[in-house]
Amino acid sequence: MWSNSIGKAFVVTCFGESHGPGVGVTIDGCPAGLPLEPEDIQVALELRIPQDKDVVSARREPDDVEIFSGVFQHHTTGAPITLHLRNKDTRPADYESLKDVVRPGHADYPAKVKYGGFNDYRGGGRLSGRMTAAFLAAGAVATKLLQNKGVQVLAYTLAIGGVGLEDSPDADVAKKMTYSNSMRCPDETVADKMRKVVLAAREDGDSVGGIVECMVLNLPVGVGEPIFDALDAELAKIIFGIPAVKGVEFGAGFHAARLKGSQNNDQYVIIEGRVSTVTNNSGGVLGGMSTGMPLLLRVAFKPPSSIAKEQKTVNVSKMEEATLGVKGRHDPCVVPKAVPVVQGMVAIGIADLMIRGGMIPRVLQS
Amino acid sequence: MWSNSIGKAFVVTCFGESHGPGVGVTIDGCPAGLPLEPEDIQVALELRIPQDKDVVSARREPDDVEIFSGVFQHHTTGAPITLHLRNKDTRPADYESLKDVVRPGHADYPAKVKYGGFNDYRGGGRLSGRMTAAFLAAGAVATKLLQNKGVQVLAYTLAIGGVGLEDSPDADVAKKMTYSNSMRCPDETVADKMRKVVLAAREDGDSVGGIVECMVLNLPVGVGEPIFDALDAELAKIIFGIPAVKGVEFGAGFHAARLKGSQNNDQYVIIEGRVSTVTNNSGGVLGGMSTGMPLLLRVAFKPPSSIAKEQKTVNVSKMEEATLGVKGRHDPCVVPKAVPVVQGMVAIGIADLMIRGGMIPRVLQS
Amino acid sequence: MWSNSIGKAFVVTCFGESHGPGVGVTIDGCPAGLPLEPEDIQVALELRIPQDKDVVSARREPDDVEIFSGVFQHHTTGAPITLHLRNKDTRPADYESLKDVVRPGHADYPAKVKYGGFNDYRGGGRLSGRMTAAFLAAGAVATKLLQNKGVQVLAYTLAIGGVGLEDSPDADVAKKMTYSNSMRCPDETVADKMRKVVLAAREDGDSVGGIVECMVLNLPVGVGEPIFDALDAELAKIIFGIPAVKGVEFGAGFHAARLKGSQNNDQYVIIEGRVSTVTNNSGGVLGGMSTGMPLLLRVAFKPPSSIAKEQKTVNVSKMEEATLGVKGRHDPCVVPKAVPVVQGMVAIGIADLMIRGGMIPRVLQS
Amino acid sequence: MWSNSIGKAFVVTCFGESHGPGVGVTIDGCPAGLPLEPEDIQVALELRIPQDKDVVSARREPDDVEIFSGVFQHHTTGAPITLHLRNKDTRPADYESLKDVVRPGHADYPAKVKYGGFNDYRGGGRLSGRMTAAFLAAGAVATKLLQNKGVQVLAYTLAIGGVGLEDSPDADVAKKMTYSNSMRCPDETVADKMRKVVLAAREDGDSVGGIVECMVLNLPVGVGEPIFDALDAELAKIIFGIPAVKGVEFGAGFHAARLKGSQNNDQYVIIEGRVSTVTNNSGGVLGGMSTGMPLLLRVAFKPPSSIAKEQKTVNVSKMEEATLGVKGRHDPCVVPKAVPVVQGMVAIGIADLMIRGGMIPRVLQS
């Protein structure tokens, strides 16, 4: 049933498969009057793939976006914006043998059961990481919309395989340094260590997980629609739409469970005539609404499930046990690719809530 | 804008305020033919309040539920079910002084800004923990519906203020022991330690946070509607609707970020003729669908924001700094109360997805 | 499945049954800051029941509305507004004999099949005209919201049983005269004739249908969200939610099917510096958006299905033919009661679309 | 705001413009396992354009559909189905002069106001009849789904410019004869008269309106989700999404407003062991649910607004009056083209409600 759309005002519907004709999105509800060119989207798509070939899958998609609808004379019209990315570097034959032998950690087994065997099983089909290219395209539009209001979303790698930053980076550093290295980590020394972890895992026919952190700057107070469409609730939902996510936390997050109220409460002060807080354990969200402090959230990614190492599995047609080492092209760590994806998804969620809250008008000033 | 409803098939709309006439829910989409009595709901409501008066707020609501619609001759009819809980033990006067002096850690400040000062500020108004009584009422209906299909949801306290269980309990133990103590922890020795932590915090005019864990047993394979209405995504969203939640994780969760693929992947085997996995690091969810293994999730709760200790704050009308020690009745720890709330909310989310997946029919057999 | 809510920004969820505890609505998305008292709603409820006892059912409900949530210090807060009307003058025993003998023209038969016999069959239960009292309550809130923006909705009886007005009345006459008579017709001479038709039908153990017309004045240009949530589409849907409606048309409506383009097109002119049209065959809607001219629509109501005259029917449990003359209290014509209901439902639909279009802000000026 | 999607279970999102790259739809919620080929859609698309060149616009689109996603190995997979139709025979230059001179009867004026001048004004842009090609494509998928359950939707021309059938045709005649002539009227003699009316209007630089009737056969009892997502309400809404529709009625429709209850009520009888009715004034819908009798509805289409005859209008940039005779390619009557569009839209609405009612499963038998 209807489940491939997210949002209520800036609604993103995604479609497509990993080894079919392509992937895409339709954005319904983008305000009219936003300047938009294919290049705006192209730039975002290219952030996804580190140039460093050692740390990523060998699959290479040129990802030339087509704006199929909703843009006229270089501006959004208020009509739905459909964006297409055609798949080119597909190898469906790689997956024929996997039709019945379900890959551990992947969605192959529940998908086969749920869809009665009609699911496109090639490379995960609908449930492939390939879908994140479409998320990025939609995220690029959301990002432009937020920039129009001065809101900035910054994601970066916080940790990979247990190696990570001790604290959240300074926003300016994050802005400048994140894409300076293939790990998307704003500290180059830490990034070097992370890269070694990734390469070691790859060498070993294995993979590693990690954590992406994301901050949102200049968010007005009151973004989020309690009770159920709260800022944290909406963002959590949209982020769990990204493959491999296993946890989401805001501000002090799970650590808050160990704190006392007197430690965790963010006390209010007035700074330069504005209400501010001394700490930001809330991560900028209280009662499901933004507080005016930076929004801060963290996302846990599991290690990629496709590994060369042999694992036990089952041939679900024959109902007999088997072993499997996943061949073909895969990432030893998805975290670097996930950084711009988290950034884009958070932008989508916030664009939706800002429109809903009346903070972004239906027609932008030309 | 429309934000107080959750779900697409079993839709729960909640309403009400902490110190107004009452709180309630409307459930739209409950199948016809489910036996339902006020007692079914009453039992759930009573789980929320530990009898141990030392560990909870002094506010006492009898919580006599009224079934206002949707039930006829002791069965649901397929029409919307509206449930009311009238507030009785209110003390709105306690909050007059807080109209302008925003409580640290509460939603007072963003609510005042967002709603232009028209929000009901008495005890958090719409954004009070009082709302969870209404969630429980809806959860009780969802729970009955799931029982009809053999699905069982079990929540319990995993940790409070850093004291906790080392591992997830056995399901049978959780079932039997959770409500044997005021901490809602299935291990009584650990519960005793938790209780001491809570009492110490209270003594100190302070509060503590904790973690609730929840497992779902006997879930069929394929519950969850990818991409965006994935099982984990929907549950994360609904859980962030509970006040004080700061993080949600499934299976290995944030710990998975430190693991290798070969450690984290759950290898498939055949046990008693069924596809099963050796480990359950996925927490029973892959690609946003249930795997047939127990669903396992954890929820981080921050320490309650209302504490007697003095804190810095701001009078937002006068725009001047102030100090505040929150007087009145409040909980030193919300975790024990949150246990049945998490259980109910998870039941709501799963009921919705099972109806959507065609696993619960529109009319139950009479 | 979820089907008792209407709208996307000003969302009305209705609940209740004819002979259960009561009926009600929850409005989610009403802007904060609207002054609202129970009297505002009470006035609307009273419009529904003509004082002239000869033309309406003998059932008398006091309809004392309770505002259960969402209003604080005489203003809406932005939280959901729940309104209750308790049923008092119920006679469920009247309907026991109808449990299996389905009334011609009523929904008894499809409801019994659809809900597996669990539906509340007393007086139509969920599908009773009683539900329109709840619609009126929600409509009263929408009406106040529209007044705040200078928009006025006027409904009146155009025809009853073939007796009717030749043309749409002048707006000022409609405003002044509609409620001057029990037929809710702005022309008293025509109203007298209508009343005779109604009384004759009643005398005869029969019933009559009719047409309600509705105009909306001062609507800004561009209300309506093409393609699917077009102004006419949304209003048609909401109006078909009123029991007994069989047709909806806008402007020239079905008559336009007989016209030529040169007759039907509304030519543009400039009047007092504003774009206007010479005629209004469009009924104020083009491409699903308001044109700035008065919105004009007509609604066909069938004659009430409950008549004293004997009719053939079927006992669906025994599967044998039967005859039935409906005893008890019923209306010989619903049109007069339907006039304020259409008015309220149109107000709900327009309030929703104006909020969605950014024409009504989230917080009203205090 | 989000308004280009319809349905809650079989959700159709449409996108595209008349003179941009193309038009398309995404269907989210189509059950898995439905055999689907491009030809299934192609056949439906071709029904839209009568071969008789005298009665339709000279614009010719080959309408080669591309299935971009959601189909694998000739079957639907349960993933979103995206269908594209590229525009080829565009003449955007025809519309440059119309940028500011709004065409009477078209949506040019409200669109310009609503979207701040950013709307694609070429041939109506987003609001063009061209969109109906995309509707047809989605309708073809819905039609295949309904056929799988034995449900058949039949639309045909009832009247054009005052010339029409006296009664609804026999279903078998409608099935056989509708597409035997360019008027899509199941009676060839009447069709000849209609054709003369159309040609005369065209000759005269004018246009004519008409009525499309639609019946649905073999619908199970209980399709429709009261109160607001009632069968008639949902179909009315979706049909008003078709350009040029001015009215919708079911069964006796507006004529019911002139009838007495004893004339209008459909009395129940048992025929061949099934509950049936003597008449079908309800048009097969009571209380918003199907009754098991044929569903019958009528749709009024206005005459096309684009006519060669000179009309008064306004240049809205200069705010001065003007005259306009619309040049270029346009239809003298849209009714023949609208016949398959109504059929497709009704199929979409019914597919959605049957899935919601559990009458079509999530996975079809292979």
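In this document, chain identifiers A, B, C and D correspond to the written order of the chains, with residue numbering beginning at 1 in each.
Operating definition for what follows: contacts are C-beta pairs under 8 Å (C-beta built on N, C-alpha and C of every residue); 3 or more make two chains touch, one makes a residue touch a chain.
Given the structure is predicted, the values throughout are model-derived calculations rather than measurements.
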{"item": "B-D or A-D, whichever has more C-beta pairs in contact", "value": "A-D"}
{"item": "Of all other chains, the one whose Cα centre sits farthest from subunit B", "value": "D"}
{"item": "Centre-of-Cα separation between subunit B and subunit A, whole angstrom", "value": "26"}
{"item": "Inter-centroid spacing, subunit D versus subunit B (mean Cα positions, whole Å)", "value": "46"}
{"item": "Length of the line joining the C-alpha centres of subunit A and subunit D, rounded to whole Å", "value": "39"}
{"item": "Per-residue multi-chain contacts in subunit A, two or more chains", "value": "1-5, 8-9, 14, 114, 126, 357, 362"}
{"item": "Subunit B partner contacts - residues on subunit A that touch it in the complex", "value": "1-6, 8-9, 14, 102, 104-107, 109-111, 113-114, 124, 126-127, 131, 159, 161-162, 201, 204, 206-211, 221-222, 224-230, 232-234, 236-238, 240-241, 243, 245-254, 256-270, 273, 275, 277-278, 281-283, 286-292, 298, 300-307, 309, 311-314, 316, 319-321, 356-357"}
{"item": "Subunit C-facing residues of subunit B, complex", "value": "1-5, 7-11, 13-17, 20-24, 26, 28-29, 32-33, 66-70, 72-73, 75-82, 84, 114-120, 122, 125-126, 355, 362-364, 366"}
{"item": "Residues of subunit C touching subunit A in the complex", "value": "8, 357-358, 361-362"}
